[in-house]
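Lettered A, B, C and D in written order, each chain numbered from 1.
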Amino acid sequence: MSHTVQNKSKLLARVRRLKGQMEAIERALEAEVSCAEILNLAASVRGATNGLVVELLEDHLRNHVVDVEGDAQRKAGADELIEVMRRHLK
Amino acid sequence: MSHTVQNKSKLLARVRRLKGQMEAIERALEAEVSCAEILNLAASVRGATNGLVVELLEDHLRNHVVDVEGDAQRKAGADELIEVMRRHLK
Amino acid sequence: MSHTVQNKSKLLARVRRLKGQMEAIERALEAEVSCAEILNLAASVRGATNGLVVELLEDHLRNHVVDVEGDAQRKAGADELIEVMRRHLK
Amino acid sequence: MSHTVQNKSKLLARVRRLKGQMEAIERALEAEVSCAEILNLAASVRGATNGLVVELLEDHLRNHVVDVEGDAQRKAGADELIEVMRRHLK
């Protein structure tokens, strides 16, 4: 079972909140509010997205590295985690 | 006139693309696809959000610091930019 | 005159502090302290480096975009800033 | 044994390279080279520091979560990793 299943509702709520923040930027652009305000909205989304990535890394670590049976599966879970960190956090 | 007006359609397209990426994560969570895949989607959104913030910083710089009349207005535009960078890039 | 001249001593102090933090990590590695501790030292350096980049961006903005004579020079200063942001903040 | 022991020489080389980069910024500030050049040096250090943090996270994962005996120790290693990610990657 996927880690995203276990924490599915919590993650879905977070993703929908992020989508709502993107819609707020869309409305702000259409309403031509000040660009400083839009910059702050976008910078908040950036922070929230970092938070989502960290939560997903954490879930993956718990469900695919810590709570698994067998060394091969554990190593595979760790390798996936390392690949994502290398590709996106550098 | 706001910088977001001048580049409005380009920025709107980018924001809507980002909203589409959030919806793709939402669907992936609901479809219970593998968490490694969801992690990669979320990490891509993180990269795209950084790109949006850089574009907004750039627009603000051009429209509220470079292309303005008067030193006071220029200084105000620069101060807004510095505040956003301090708050979000550190 | 370069912006780095005007704030030279402040920037030098910050850079030397960062060098000191790198030396602390070097000593910690040699003394074989716990890896959690080394991770925290390295993560602090990461934060301090972000702070240095933001300070340099800010100095550049003030000295090469705001406080310059002539539109061509102002535009050139802004272009340099945008290039660095595009290359490194994305 | 610490993970930093096993990869000690590789990590030490990386940390010394980073210290060398800080010294290059120090010399550039003293020589009053152009601020665009210093900005680029600093932005490179930022990238290199991100790389160091990712390498340390990876070593910690392999040595304190994957290759350990016993569930309690594995959980403790994962908790340390999560704490660092929460504190520094968000």
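Note that a residue touches a chain if its C-beta (ideal position, glycine included) is under 8 Å from a C-beta of that chain, and two chains touch if they have at least 3 such contacts.
Bear in mind the structure is a predicted one, so any value in this text is a computation, not a measurement.
Asker: Match interface B-C to one of A-B, A-D or C-D, accepting only the pair for which over half of the contact pairs are the same residue numbers.
Answerer: Comparing each option in A-B, A-D or C-D with B-C, the repeat is A-D.
Asker: Between chain B and chain D, tell me the centre distance in angstrom, where each centre is the average of that chain's C-alpha atoms.
Answerer: Once rounded, the distance between the two centres reads 28 Å.
Asker: What's the distance between the Cα centroids of chain A and chain D, rounded to whole Å?
Answerer: 22
Asker: Counting in whole Å, what is the centre-to-centre distance of chain A and chain B, each centre being its mean C-alpha position?
Answerer: Whole-Å distance between the two chain centres: 17.
Asker: Which positions in chain B touch two or more other chains at once?
Answerer: 47, 50, 53, 57 - these are the residues of chain B that touch more than one other chain.
Asker: Make each chain a node and each touching pair an edge, then name the shape: line, ring, star, complete, other.
Answerer: ring
Asker: In the complex, go through chain A and note every residue touching chain B.
Answerer: Touch residues, chain A against chain B: 2-5, 8, 11-12, 15-16, 18-19, 22-23, 25-26, 28-30, 32-36, 38-40, 42-43, 45-47, 49-50, 52-53, 56-57, 59-60, 63-64, 80, 84, 87-88.
Asker: Okay, in this complex, where on chain C does chain B touch?
Answerer: Touch list, chain C to chain B: 47, 50-51, 53-54, 57-58, 61-62, 65-66, 74-75, 78, 81-82, 85-86, 89-90.
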